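In order of appearance the chains are A, B, C and D, and numbering begins at 1 in each one.
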Amino acid sequence: MPQYVLTLSCPDRPGIVNAVTGRLLEHGGNILDSQQYNDLATDRFFLRTVFTAASATGPLQASFRELSRGFGMELSLRDRSHPRRVMLLASKFDHCLADLLYRWRIGELPMQITAVVSNHPRETFRHLAFDGIDFHHLPVTHENKPAQEAALWSLIEATQTEMVVLARYMQVLSDAMAARLAGRCINIHHSFLPGFKGARPYHQAHERGVKLIGATAHFVTADLDEGPIIEQDTQRVGHHDTPEDMIRIGRDIERRVLAQALRYWLDDRILLNGHRTVVFAV
Amino acid sequence: MPQYVLTLSCPDRPGIVNAVTGRLLEHGGNILDSQQYNDLATDRFFLRTVFTAASATGPLQASFRELSRGFGMELSLRDRSHPRRVMLLASKFDHCLADLLYRWRIGELPMQITAVVSNHPRETFRHLAFDGIDFHHLPVTHENKPAQEAALWSLIEATQTEMVVLARYMQVLSDAMAARLAGRCINIHHSFLPGFKGARPYHQAHERGVKLIGATAHFVTADLDEGPIIEQDTQRVGHHDTPEDMIRIGRDIERRVLAQALRYWLDDRILLNGHRTVVFAV
Amino acid sequence: MPQYVLTLSCPDRPGIVNAVTGRLLEHGGNILDSQQYNDLATDRFFLRTVFTAASATGPLQASFRELSRGFGMELSLRDRSHPRRVMLLASKFDHCLADLLYRWRIGELPMQITAVVSNHPRETFRHLAFDGIDFHHLPVTHENKPAQEAALWSLIEATQTEMVVLARYMQVLSDAMAARLAGRCINIHHSFLPGFKGARPYHQAHERGVKLIGATAHFVTADLDEGPIIEQDTQRVGHHDTPEDMIRIGRDIERRVLAQALRYWLDDRILLNGHRTVVFAV
Amino acid sequence: MPQYVLTLSCPDRPGIVNAVTGRLLEHGGNILDSQQYNDLATDRFFLRTVFTAASATGPLQASFRELSRGFGMELSLRDRSHPRRVMLLASKFDHCLADLLYRWRIGELPMQITAVVSNHPRETFRHLAFDGIDFHHLPVTHENKPAQEAALWSLIEATQTEMVVLARYMQVLSDAMAARLAGRCINIHHSFLPGFKGARPYHQAHERGVKLIGATAHFVTADLDEGPIIEQDTQRVGHHDTPEDMIRIGRDIERRVLAQALRYWLDDRILLNGHRTVVFAV
């Protein structure tokens, strides 16, 4: 039986779960996994349900569409057998890119990679097997940035990309581009936000003498380093660690945090709650 | 509005959540928090729901009782304003006992402490303020063990104790006593089970040269150190750590693991799944 | 044989360790533990050595004094059997105070507590046994702050206090007081600095939607929340955690981070390296 | 100036560090980093020192040879610019192999890879770029095992391999082979030893219902899963994690634990202390 994921958020009120499960039952759906969350501060309700059904198109879909109107829901219904379309952007450092490609290859990240894009040439990644994934070299200069972003946007549209992953892509997107990609672009920042925003965070961390460093995966917004946080992790460092040691240790944190964030998204586990996220992590 | 916690487990089949939420809706219940889990390997379903309602006695209770018969449910319905009744047992080392008392005092652990019991005299805990909690000194010898356990059991019954916490109580319960307390007794074992069962686990860990030590909170069963695990944690050690250092580091792990396990239980977050636990941790 | 701890820092140059160990050997010292660190960025050398000797006064002391002049060393030589003199300051929240007192009582923190001081009355801590430790109630108002700090300073001098521990003491020290206590005052800040400086850090963390919260023990300087960091730790939180949950989770992090920092200091493991610390943690 | 690493262990007695540093000073050595450890239980002393010198052959080497005789030292002196020779063995699962190759490529693991060896054909690793590293397919059957191990041994000798890394090589070495490779072979075991020895540890962990899983890097000995432990780490799991989830989560732990252990060894940070290790981790 095919599996579907239903996610929704709406103003809280009695009867939501009963209405959702009632319609599932009516159309032969069987729940495999379900999580709910009520944000008591904002009175908003969030739900993620995985279910099997003969079909989620036709009557079931229509039924949920009607339901979502009645409750004022933002609702998404997705066939789990259709992998999502993801574009990977990287610059010179390829540890996150190599890691995502490896996890994709062995089946950890069920996605369709629409393209790998870099402001550096294919040669930079000569050791990485792309297995037929298209590679696009889109160099950036101060002058060509609008044109480069236009080309990137065309590519996103042409490839029907649903999510853009900035896998240590070291170019700041323009406000316009960030706005276009709202909720559709994940970045890995090499610090434990909100500490050490901006450039060279490991050097900042070393200078401040912190005893832990971290990394943060977040949705990209026009407000740099301020987008909704999806996942973070930290690791212990000490006085003996140079900025270079921190960069090395940080690579491990970055790649696992970004992979985890993407994994959550691919499995429809992330819902936006204002400028924060609800992550049904389990 | 009073809050209630409903927990249940039953064989999985379509319609459970809809039936539960339907009855809640019918009796004016409003869900605050809900978690479900289907164990696909055993086809068993688990649910925990927190809801508000004018009353959960009378018709609502009757309705759930009927429901539980229909679905073959093990079901529990509890008023959250009634703190659970917990007995604390300790021996000479009082770090877990002191920690639980402190957390209880500042409101972290909403419970009614029915008694503190020890095989050591009150004087052993002279620095601990018991705030009117009854203390019982029940010394154990090889000879008096059956009598001592009988006295303990009488006390449990007389105080209507729902949960017995072995807070580094260094006496092994008899099989009969363990059986009587099945599902109602939590122990903290000072090792990362199943490693280092039995006595002096930190010495065993030192001897083996492990690089992390841990602690395990588990339900007590007749099969020593084999009961269902509720919570575990570990911490890094090194070649420079003596067994005494490990004992010191371990105290911190033990007290936070035991407090976490008890907190889960007080909040009805632990359900038994054979010899394993389902812990709705969040 | 009595144990001594030698700590020193000086500009790096060949022969330091040989000179130190030569003088130890000459006076019958036997090294139990030794750690060194060269900060290649600043060319500064740091050493901590624990040794046994019949005596570290008289000729040995004179020999090290001479040595320190030759190498431009900041040097300290301490008899480990003389516990250091520590004053504990707290306000309303007593989880750190209670924790430090407990650890002191069972011998985890070898120190002489010179006094407990609070801007709240003894009654606030009625559940804590002080075991004869002097308690001083020094209330603070906007008007009496200079007088209150003068009284505090008199007490520090009268009790020969070597270290002042701000165990969630919720008063900002004046610049003058902070300067007087430079290197002699440890604070626990309830956030993972440099994130969330200032007041109500858990509310800030919740508002920002971080996935980990932390705590930081640091030396107090006139520059608030900017003093040299000694120890930090973090713990995972999620969307379901309210600011109140974060405060609860934070209490555990705060008390273990502060206790660890104090433990390092009591064991002469912390050396200042500009506005950072060298912590010989092991 | 070239850098050298000196490591030694010997029975403890006064004057060791002074003698070592004296000889360094005499031959123009300048210490960059040094760590010592006295095992008070066994009265054995361990030291690792990194120093610069014009040369560590000739007189300096002779001086240390003489020294080691006098103190009964096991002593090693190595030029850090000569990368160590390492052979990588893998079976079907290549996450550890891919990870080690990636880290080697970007300079995280300074080593000379003498060969990649597998009981599976090159085709199994078709996505991995070997960059000219020799690959050897040495299939194993019940019958050919002695011959296969003889071939492996010849290869180790012919390539002057100093360390054999079992990067999820799923064949148990014969006792004779394990003995030959004593101290020269690191394995990654996919469990938190001593828990869950033997086959299918993640299935064992799932069955037992543990709340953390782990991995262990250890030296291989004839006594399976009992060799000296070098490095371990754990990660949280829950009731919702199937054995397959644990295998996935475990891959991340395995690869970082093995890489860390190898990194320690490449940097001469591991000394044997009976059946335990001293790891100068920092």
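The rule we apply is simple: contacts are C-beta pairs under 8 Å (C-beta built on N, C-alpha and C of every residue); 3 or more make two chains touch, one makes a residue touch a chain.
Chains and their UniProt names: A, B, C, D = Formyltetrahydrofolate deformylase.
Because the structure is predicted, anything quoted here is derived from the model rather than measured.
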item: Partner chains shared by subunit B and subunit C (touch criterion as defined above); value: A, D
item: Between B-D and A-B, the pair with more C-beta contacts; value: B-D
item: Chain copies touching (subunit C, subunit D) - same or different residues, decided at half shared; value: same
item: Centre distance in Å when subunit A and subunit B are each reduced to the mean of their C-alpha atoms; value: 37
item: For subunit B paired with subunit D, centre-to-centre distance based on mean C-alpha positions, whole Å; value: 41
item: Of all residues in subunit A, the ones touching two or more other chains; value: 33, 37, 40, 238, 240, 282
item: In the complex, subunit C residues that touch subunit D; value: 14-15, 17-18, 21-22, 24-25, 28-38, 40, 282
item: Subunit A-touching residues of subunit D, taken from the complex the two chains share; value: 33, 95, 98, 102, 105-106, 108, 127-129, 131, 238, 240, 248, 251-252, 256, 282
item: Subunit C residues within the subunit A interface of the complex; value: 37, 39-41, 192-196, 208-212, 214, 228-234, 238-240, 242, 273, 275-279, 281
